[in-house]
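The chains carry the letters A, B, C, D, E, F, G and H, assigned in the order they are written, with residues numbered from 1 in each.
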Amino acid sequence: MKPIVGIVAGSDSDLPVMEEAVKILESFGIGYEFTIASAHRSPEKTRGYSRSAEDRGVKVIIAGAGWAAHLAGAIAAETTIPVIGVPIDSSPLLGLDSILSTLQMPSGIPVATMSVGKTGAKNAAILAVQILAVGDKSLQKKLKAYKQKLSDEVEEKDNRIKGEKAKR
Amino acid sequence: MKPIVGIVAGSDSDLPVMEEAVKILESFGIGYEFTIASAHRSPEKTRGYSRSAEDRGVKVIIAGAGWAAHLAGAIAAETTIPVIGVPIDSSPLLGLDSILSTLQMPSGIPVATMSVGKTGAKNAAILAVQILAVGDKSLQKKLKAYKQKLSDEVEEKDNRIKGEKAKR
Amino acid sequence: MKPIVGIVAGSDSDLPVMEEAVKILESFGIGYEFTIASAHRSPEKTRGYSRSAEDRGVKVIIAGAGWAAHLAGAIAAETTIPVIGVPIDSSPLLGLDSILSTLQMPSGIPVATMSVGKTGAKNAAILAVQILAVGDKSLQKKLKAYKQKLSDEVEEKDNRIKGEKAKR
Amino acid sequence: MKPIVGIVAGSDSDLPVMEEAVKILESFGIGYEFTIASAHRSPEKTRGYSRSAEDRGVKVIIAGAGWAAHLAGAIAAETTIPVIGVPIDSSPLLGLDSILSTLQMPSGIPVATMSVGKTGAKNAAILAVQILAVGDKSLQKKLKAYKQKLSDEVEEKDNRIKGEKAKR
Amino acid sequence: MKPIVGIVAGSDSDLPVMEEAVKILESFGIGYEFTIASAHRSPEKTRGYSRSAEDRGVKVIIAGAGWAAHLAGAIAAETTIPVIGVPIDSSPLLGLDSILSTLQMPSGIPVATMSVGKTGAKNAAILAVQILAVGDKSLQKKLKAYKQKLSDEVEEKDNRIKGEKAKR
Amino acid sequence: MKPIVGIVAGSDSDLPVMEEAVKILESFGIGYEFTIASAHRSPEKTRGYSRSAEDRGVKVIIAGAGWAAHLAGAIAAETTIPVIGVPIDSSPLLGLDSILSTLQMPSGIPVATMSVGKTGAKNAAILAVQILAVGDKSLQKKLKAYKQKLSDEVEEKDNRIKGEKAKR
Amino acid sequence: MKPIVGIVAGSDSDLPVMEEAVKILESFGIGYEFTIASAHRSPEKTRGYSRSAEDRGVKVIIAGAGWAAHLAGAIAAETTIPVIGVPIDSSPLLGLDSILSTLQMPSGIPVATMSVGKTGAKNAAILAVQILAVGDKSLQKKLKAYKQKLSDEVEEKDNRIKGEKAKR
Amino acid sequence: MKPIVGIVAGSDSDLPVMEEAVKILESFGIGYEFTIASAHRSPEKTRGYSRSAEDRGVKVIIAGAGWAAHLAGAIAAETTIPVIGVPIDSSPLLGLDSILSTLQMPSGIPVATMSVGKTGAKNAAILAVQILAVGDKSLQKKLKAYKQKLSDEVEEKDNRIKGEKAKR
């Protein structure tokens, strides 16, 4: 399947977090590529990746990093395709550093910032699907089904709890 | 021009901030609609707006709010089109409250969160254009020109400063 | 026993926290109903719950959620009965996100916010009893007895410690 | 009119903030009493006030203070009627100190904490009305009318803005 | 030995922290009394304790509490003897709540606030000794010896490390 | 009057803050000396001051500084007399930096930390008087009178407000 | 004078802050170059600048930026000469965002981070001089004279204040 | 090997963190000395160390400490050689206290502050090498090789991950 979403992790220690994005994309049947590139340790690779992404057919990029998380911003500086940032809570500051480093982008260069950690990686993939669905009816349908499932799961859990409470 | 971006402000006091998004969309020649709706004071209006957006032809929604800023999240709960959130620093806490309320969305319902305040509103509109450009070559071109202009402006300022310093 | 307090948890992972509210209500002999509803994943259910609460005889609602905790605010937007919010520390940010998301409600729509986590859930139930006691002399008596017990427990612990220290 | 809500300010410099609560109570036609008492500078007065409140017919107490804001907690320690706390941003820390001091009450003694500053004072009064309305149909009606007005005001502002934009 | 320092813990769960203060006082041969009293759960006991402390011969009070830590401030409100506050990190907020609640006392009522947790409890006892030493030459000597020991211990550790490194 | 309290400001820009301490000491008739010394810019002066303080008859030192406020800690490292720290909000971080730098002293070297800014400077002087009063009955009396005055002022303000409200 | 220190500002609005560094370098007679380059808006320029710096004879780079301040880190990623970062408090978050974005660099790529704002820009230049002085005796002398002057200024201010107080 | 870098730890509990600096210096073949000295518990030793460092041939000092981390600043106050500070997250506040205490140095006395914890200690050593390399071509070469290795490691990890993914 041709990759149309690029997932980039700033370090291999971020892989377990970014796998959450992978799972969502696979469940929606969307082709992706997975890359490790560091804005600080491998800037050349990061730049090359960002600059060639559009030509390679990538439509959206998801970038996750911890600490002074510059990865999403560095990619956004080099491309005009939408970049989604996932702040990762790998430093002792619980992600406050990566949240502010990813979020507070200066005028002109947006990064679509997600919640911190695994929840953010998962949501990043859903947002990527939403972006791709802007021009794709079949994806829109899948998103509506996914949204319905989220709601159904709450209903189920609610029913299970109520059942358990009734039995007590 | 048919509106394809929806801009929603949580309160009329947020208008000066959200005008930054308007300016960008107008400069890109993109149709938009501007609405005031509060997640807390007019939930019915917010819901109605969110649910009908897709059918009305809206492709992306930008929502800005301050304090416990739930506007973007409340809209995202009701639609599957991409929702961009702008935290506004209107409370005494300088926007820390609106940042966390907009950003830290739970699993399943992403909000593409921007920088706090006017910078965020401007960036929200640029991200909206990037999203619309995924399937629109002419917008892609405009984005590249815009990016070039950002870079040119830095160059110009740099030259001006250097000129001034040389004269001293 | 007819439920007059509604307890709502934003996710089943919040159950162990919200059980603290249950224990207090049971100890005061107050009927309650327990529901799982998410402001973001099941907005319809949340709205339906909130709108019908008063007619079903519910007098006070306790809502607990983590992350960008919108649940209490979303309920408060749909009803005029008192809503008590419990911020839950389920994200990496230790509850700072849920505290600010629950507390910093905009003008017109209050949420009675409690301490973060289990302590907050317990206190939420006590506040609910205090609210119900405004027009109920027998509940007032029970609250005074409860308050006396809190004070007696401190006294007992103080005596035990002093006894232990004396023996050393 | 017999006072059934007690408003307490920790210092006379907090008066402009707490006046927001007064305005709401007057608009709902609810009797109130206004007192200045400091948990730290006049503990005796605070205690006397708190202990006699119920007997004097006070049903709910609203307490606002800044810095290490213990006023609401100190009152809650001495009575079983509901206590609503308003953190005030009078110190250089923008209210973060008063928020945490008011909110993070230990197990057993709840304080219904509001947003920081004037918004919180206004919301405190609305919550007080909601509490009083639990057993008062006529107040319930007024609350519903108030809620409707909040929503109508948003609608009006939205219409005005749309009108202005249309004219441009 | 007649108690001249009062140690008060807000809850029995704070005992392991406050024991650090006990150890220091015992090592300096200073009589102390240990009490559990809660500003919120047993205000009467706290007040009685604070008001009688001076007459009972107590010269300094050390008070440790977590959450919205009002204990030291509540005691300081009732006595003119020096009160030392120890913020305890027992809530999910890591002690930021107890630090600000203990530290940010309003004008007129100081609390001598220490570091958070066990380090603070130990330092509280040292400060108590320093206060008592103002009029007590023999205590001054002991404090100087203690200070010398602190410095000697650093020297020893430094030597041990250097020895170990040399052997490698 | 022989100085028995030393007041040290880290910079001349801190003088308006530290003047609050001066006023209190003068009102209590306590001799003091005022010094500018920087832990970082004039460490020699700071050390010399700290080491000679006790021999010069100084019983308590009050030190106020902003930014990475190490003045109080640097003094406490060199003397065994009680050191009171006043964090000053002179940096853009509103005093959060000076609070943590003054407060979080390591094991063995306490600094009695006060509220941030002018309130803290005033409270520092009151604490100094409380410390001096441990062995001075006449100061104890003055402190009780001062405390009574604080309480009387609250009463007066309360009466004035009630009078004004009654007239409306 | 041949530039051996590079000063880079992320935006022309940062110029008044970075001028503080200029003043210090001029006072030490050190050649510098001043450039405006943005990590996000002109990444190519930033990279070109960073990569050629060493060959152009630049020995140390000072980079100042606000918001998600990645300028210093982006430069450090491209060169092995020391990079000094100045966080600028230009966003509503008072510099907390730029501090964490500049400071929390990942393993392998250090940025020597300074205080926030003008103080940091000044200190950055002093650190640059200290670095250059490692192999330059005459600069070492100048630094010692500068340090002496800092200390003398404190002494003078102290004397002036004491004189003024004596006259009162 | 003659020590030209001084590493100072504020306490022996900081050793595991500071060992990261040792490893880097050893890998670059740079002589260092390791000392334990506390700004607060052994100020004399800290001062003596700082003052004699330059004469002993030390060119750069790395200082790591936790809590109100004054060590780097205290050393910087006594010498004009570059001082690198490593904030250590040993208190309950996760290093926020040591970051601000190390970073926010006042005008005139810079401390080159690093990331919090082990990452910071490692980066401190790399910065020290960068500073020494200003006048040392062979060190410059080694730094370039080190930088290349960082980038190669990212490449390798990226290849390994891609290989693994391909096999799935």
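Note that a residue touches a chain if its C-beta (ideal position, glycine included) is under 8 Å from a C-beta of that chain, and two chains touch if they have at least 3 such contacts.
Small disclaimer: the values here were computed from a predicted structure and weren't measured.
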{"item": "Most distant chain from chain E by Cα centroid", "value": "B"}
{"item": "D-E, D-F or C-E - pair sharing over half of the A-G contact pairs", "value": "D-E"}
{"item": "Centre-to-centre distance between chain E and chain A (centres being mean Cα positions), rounded to whole Å", "value": "48"}
{"item": "Inter-centroid spacing, chain F versus chain A (mean Cα positions, whole Å)", "value": "51"}
{"item": "Rounded Å distance, chain A centre to chain B centre (Cα mean)", "value": "19"}
{"item": "Distance from chain H to chain E - Cα centre to Cα centre, in angstrom", "value": "34"}
{"item": "Contacts with 2+ other chains: residues of chain B", "value": "11, 38, 41, 67-68, 91, 93-94, 96, 103-106, 108-109, 115-116, 119, 150"}
{"item": "In contact (per the touch rule at the top): chain pairs", "value": "A-B, A-C, A-G, A-H, B-C, B-D, B-G, C-D, C-E, D-E, D-F, E-F, E-H, F-G, F-H, G-H"}
{"item": "Chain H contact footprint on chain E (complex, rising order)", "value": "89, 94-96, 115-117, 119, 150-151, 153-155, 157-158, 161-162, 165"}
{"item": "Sites on chain F touched by chain H in the complex", "value": "10-11, 38-41, 43, 47, 66-68, 70, 73-74, 76-78, 91, 93, 96-98, 100-106, 108-109"}
{"item": "Footprint of chain E on chain H - complex, ascending", "value": "11-12, 15, 34-38, 41-42, 44-45, 67-68, 91-94"}
{"item": "Complex contacts: residues of chain A adjacent to chain B", "value": "54, 59-60, 80-82, 84, 99, 103-110, 112-116, 119, 122-124, 126-127, 130-135, 140, 143-144, 146-147, 150"}
